[in-house]
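The structures come next, written out as structure tokens.
Next come two complexes, and both contain chain A; in the first it sits with chain B, in the second with chain C.
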Partner chain A sequence: MEKMKLLAEWKYEPKKIERGYAGRTLYVNIGDRSFKEKPVTEDMKEKFVGGRGFGLKLLWDAVKDTTKWNDPENELVISGGPLCGITQYPGSGKCYTVFISPLTEQTYDSNAGGYFGPLLKFSGWDALEVQGKSDRDVILFIDGDNNKVEVYESPFEDINAVTITEALHEYFADSEEDKRNISVASTGKGAETTNWGCLNMSFYDLRRKTPRLKQAGRGGGGTVFRDKKLAAIVVRKRGVGPASNNPADISVLQRTGLKLHKEIRDLDDQQNKMRKVGTPHLNEIMNEYHLLPVHNYKFGQHPEASKIHSKIFEKLFTQGIPDGCWYGCSMACAKAVDGFELKTGPLKGKKVTVDGPEYETCAGLGSNIGIFDPEWIIEANFYADHYGIDTISLGTGLAFVCECYELGFLNKDITNGLELKFGSKDDLMELIHRMGRGDDKFASIVGLGIHKMKKVFAEKYGAPFEVMEKIGMEGQGIEVSEYVPKESVAQWGGYFLTLKGPQHDEAWLIFMDRVNKQLPTFEDKAEALHYFPNFRLWFSLVGLCKLPWNDIEPADNVVKYKGIEAAKVPEHVQNYVDLFNAVTGKSITKEELIVQSERVYNFQRVFQLRLGKGTRRDHNIPLRAIGPVFPEEWEVRTEYYDNELKAAGIDSKGLTTEEKIRKLQEYRLSQWEQLVDAVYKRRGWNKNGIPTVETLKRLGIDYPDVVEVVRKHSKPEDNWEE
Partner chain B sequence: MIRVNGEEMEWRPGLTVKDILEAKRFVFPMIGVWINDKPVPRDKFETTTVNDGDEVQVIHMISGG
Partner chain C sequence: MKWLATYPERCVGCESCMLTCSKTWFKEEDKELSRIQVSSSESGYAINVCNQCGECIDYCPTLAIKRDNSGVVRIDESKCVGCLMCAGFCPTESMFVVEKREKPFKCIACGICSKECPSEALELKQD
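Coming up: the complex of A and B.
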């Protein structure tokens, strides 16, 4: 590769990490190529902790109430958090991206593994804030070894992830060994041509001699990245070790880490087999429990699901290699398929390493679009990553397109010759390539996302909007992730009463609610929809991965703790309290851990409000998410749904299936409203879903500008009756 | 008759925890079982029998994708 043209350079003073913090953040305006450092105050640490919290705070200060996703002042903020980069405890290399999303037009956050977050911090920065728009494709390089930031003109014609990541690891490393001191954030052409752009964060796999890609997939962060004409962001920092995070008490980290390493070693084979198959262990489980999305969430089970069973993927994944995406992760679930020969597309015939597929990809680019062919799923996974497209939104979006096609709303004239039925493998793959090339109008419409597709299909092709409203699985503008929620009232909230749309990172309560029957009342559901979103949000503040929390558990967890307590995995919660205190030198309790999250949760809710969203109106739910829409969905589980009607006190005698569906929908919509009320009350929000000033005061986030937003949008009639 | 997660289920002499899990197709590996508020260790599912009238709680330890 030729020497790249340097456009701008900025030198900074080195900074030692103190108790998990660099104590400053890096601001880059990629438009005028200016740079500055900003201090991290004690208040910022206290109220926003790090990671997503820092991202939201920096973005709040950077944008106006009217800022849109493609305005220059929108930012892409990347931040790890105080625990990010420790090597003693599994899952400690996460970083969080925060931005205004092209899909939801409000703030979004998405996390990725790989080395980017830790190397950024050890280069001296708690967060990277990129604002502005470049006039040409550029590569931003943070050189943590020589304490400088550089902007290069991108020499790449092909900016797709695998191409650019491989080249930049090569370019910035002095040797093969040195490549692991580098991480590249990139996306691909599909991030320009769709709103589903993901970010790929790399780490170099010395055993495989290739970079691996971990995705901050959701929300369109990659689309923001390309809108700024970023081709890549590279960070390099050599000499990272177990003490780089400079914790207050490293012995606690070692002790706590050893405990979990032992659990994983002793119990993972009997529990989820994360080390052998990663998250696809869920494939067959979801199918057994009617939760695997099939044909755009019409069904939860399929007879061919055995073809995507985790045992199949166990054989396809290379075994015996420790697949951690950061040092010290013995959970090692970053599985990969090696030597996979691509059968289609621009790299046809090339043998590649494919990261994943994860469960979500198996379901989204598999069962949900009627495909049960592991090799096809792997190929689609590869190209989605390579083109920089989120596999979850892509899967759910394609499922919607297939159903529209089968309903006759679309035809080959509209799709430019493609037959997009469920299971149309060749034509669906071709559609993905068209998104990757950006040369097809229909592919561009699909890439707008379901929310906008509905409007275009109605206006341009005369498709019935009201039917698409029922079957389009999106909320707040983003596609639902890959679990069938229709049979769990609590999971309606887990998906649709969320900060940023139906992503499963807030609460996943389907089993607790529907199978275990542990949440019988709306108040019980609301309590779970308070605790779990806040507990899980905490990972995004500190730089940890969620998986080691409950994808492994102490052997006696379910006999030692009862009911919901067991689901919290109390000993692992204590690990997190201990880790936080050992790194920062503070002394929080498990209750204070929840309050740390609650602050950021409510701050983000007010942020959405500030951007014109964030009210009850935006917590919309499609009918497909709460029950059957068409008779075939009912009739595949007649006994189950008849019983549901009976339990609701509805006499279904003599009713047609269509009438039964209508009755159940009416009943469930009334349940939805009751759930919304219960959840808003528990969260300290008014009837319109706005945090009250009292809530802001209780949490200590009653900053004048935050209170002003709340006051501006709150009406007396939205107060709860005494 | 016994109750499993609040729902009635036919009882027969010798019915074990393992039989219940199979009948209900509860296949997730991380499951906790409580009979009348007393926990049953996982390695005793095959040998633990339930009595007529017992209240059985089967907890799937899965709370996140």
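Coming up: the complex of A and C.
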């Protein structure tokens, strides 16, 4: 690669990390190429902790109430958090991206593994804030070794992830060994042509001798990235070691990390086999429990699901390699298929390493679109990453398109020749390539996401909007991730009473609620929808991955603890409390851990409100998410659904299937409203889903501008009756 | 391959191997810093030392652990990031981690301890 043209350079003072914090954040305006550092105050640490908390705080200060995702003042903030980069404990390399989303038009946060977060912090920065829009494609380089930030003109014609990441590891490294000191954030052409742009964060795999890509997949962060004309952000920092975070007490990190390594060593094969198959261990479990989305969530099971069983992927994934996406992750779920020869697209014939597929991709770009072919899924996974498209939104979006096609709302004239039925492998792959090329109008409409697709299909092609409202699996503008939530009232909340839409990072309550029946009342469900979203949010504040929390459990967890307590995995919660205190020198308790999260949870809720969302109206739920919409969905489980009606006290004698469906929908919608009330009350929100001023005060986030937003939107009639 | 054979039934628990080891490699007499660990067991003494099986090599994310020309498994400290996966996954738990050191350490079959052992409980072997 030829020498890149330097457009701007800024030097900074080196900074030692103190107890997990660099104590400052980096601001880059990519439009006028200006740079500055901002201090991290004690109040910021206390109230926002780091990671996503810092991201939201910086974004709050940067935007106006009217800012749209593609306005120059929208930012992309990337931040790790105080525990990010510790090497001793599994899952400690995550960073969090925060931005206003093109899909949801409110704040979004999405996390990724890879080395970007740790290397950014060890370069001296708790967060990177990128604002403005460049006039040309650029590469932002944070050189943590020489304490400078540089902006280069991008020399790349092909800005797709694999091409650009490989080239930049090569360009900025002095040797093969040095490549692991670099991480590249990139996306691809699909992030320009769709709203589903993901960010790929790399780490260099010394054994495979190739960069690996981990995705901050959801919400369209890649689309914001390309809107700013960023081709890549590169960070380089050499010399990372066990004490790079300068923790208050490293011995706790050693002890706790070693304990978890041994647990994983002894128990992973019996529990989830994360080390051998990663998250696809869920494929068969979800199918067994009617939770694997099939044909746009119409069904939860399929006879061909055995073809995507984890045993198949175990053979496809290269075994025996430490597949952690940061040092010390012995859970090693970052599986990869090596030497995969691509059969289609611009890289046809090339042998590549494919990261994944993960469970969500197997379901989204598999069962949900009626495809049960592992090789096809791997190929689609590769190109989605390469083009910078979120595999989850893509999968759910394509599933919606297939159903619309099969319902006759779309035809080949509209799709420009593609027959987009469930299982149409060749034509669906071609649609993905059209998104990657950006040369097809129909592909561009699909890439708008389901929320906007519904409108365009209705207005342009005369498709019935009310039917699409029922079957389009989106909430707050973003596609549902890959679990069938229909039969768990608590999971309706886990998906749809969320801060940013139906991803799966807040709560997964289906077994607890439906299988183990541990949440019988609405208050029980609301309690779970208070605790778990807050507990899980905490990972995003400190820079950790969720998986080592409960994808491995101590052998005696279910003996020592029962029910919901067991689901919390108390010993691992204590690990996190200990790790936090050992790094920061503070002394929080497990209860204070939840309060740390609650502050940011409520702050983000108010932020959505400030941007014109964040009320009860915005917690929409499609009927497909709460039960059958069409008779075929009922009739595959007639006995089960008849019993559901009976349990609800509804006499179904003499009713047609359509009438039964309507009855069940009415009943479940009334349950939904009760759930919403119970959850809002538990969270300290008013009837309209707005945090009360009392809640803000209790949490210490009653900053004048935050209170003002709440006051402006709160009405007396939305207060709860005493 | 060089490795240290152990005969725990001959061990008298004098701990001279541990003191020699720590002094040789860490320049201080501290049993905690020994790459061979002797402890009491029901039948007398147990000796825990690396058998150079090399399983740890595959767990290291930075390729810091390698087998040298003599077959001895060694850690390149300049590459080690102290993730401790090698220690956590060692089948004999002979990769040691102590509070006062950020990185793990292990026996490199130097054989000095075997020379100090008064009861011939240790023997440096070459296969």
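Definition applied: the second predicted complex is superposed on the first by the 722 of 722 C-alpha atoms of A that agree within 3 Å, B and C clash if a C-alpha of one lies under 4 Å from a C-alpha of the other, contacts with A are read in each partner's own complex, and residues count from 1 in each chain.
The rule is simple: a residue touches a chain if its C-beta (ideal position, glycine included) is under 8 Å from a C-beta of that chain, and two chains touch if they have at least 3 such contacts.
Fair warning: this is a prediction, and the values are worked out from it, not measured in the lab.
In this superposed model built on chain A, chain B and chain C occupy separate space and fit side by side.
Looking at the shared chain after the overlay, A:K715 reaches neither chain B nor chain C. Rounded to the nearest 10, the angle at the Cα centre of chain A between the centres of chain B and chain C is 70 degrees.
In the superposition on chain A, contact of A:K590 is made with neither chain B nor chain C.
When both complexes are overlaid on chain A, the residue A:Y483 reaches chain B alone and has no touch with chain C. Residue contacts after overlaying the shared chain place A:A566 against chain B, while chain C stays out of touching range.
Looking at the superposed arrangement, the partner reaching more residues of chain A, out of chain B and chain C, is B.
By the touch criterion defined above, A:K546 reaches chain B but does not reach chain C.
With both structures placed on the common chain, the touch criterion links A:K64 to neither chain B nor chain C. Within the superposed three-chain model, A:K697 lies out of touch with both chain B and chain C [touch as defined at top]. After superposing both complexes on chain A, the closest C-alpha pair between chain B and chain C lies 22 Å apart.
No residue of chain A contacts both chain B in one complex and chain C in the other. Within the complex, the chain A residues that touch chain B are 270-272, 279, 282, 284-285, 288-289, 359-360, 481-483, 504, 508-509, 511-512, 515-518, 520, 532, 536, 546, 549-551, 553, 555, 557-560, 562-563, 566-567. Those residues of chain C lying in contact with chain A across their complex are 58-63, 79-85, 87-89, 97, 99, 102-103. Those residues of chain B that touch chain A in the shared complex are 5-7, 25-32, 34, 37, 39-42, 57-65. Considering their complex, residues 87-88, 177, 180, 206-207, 240-243, 250-251, 254, 257-258, 260-262, 264-265, 320-322, 324, 327-328, 330 of chain A touch chain C.
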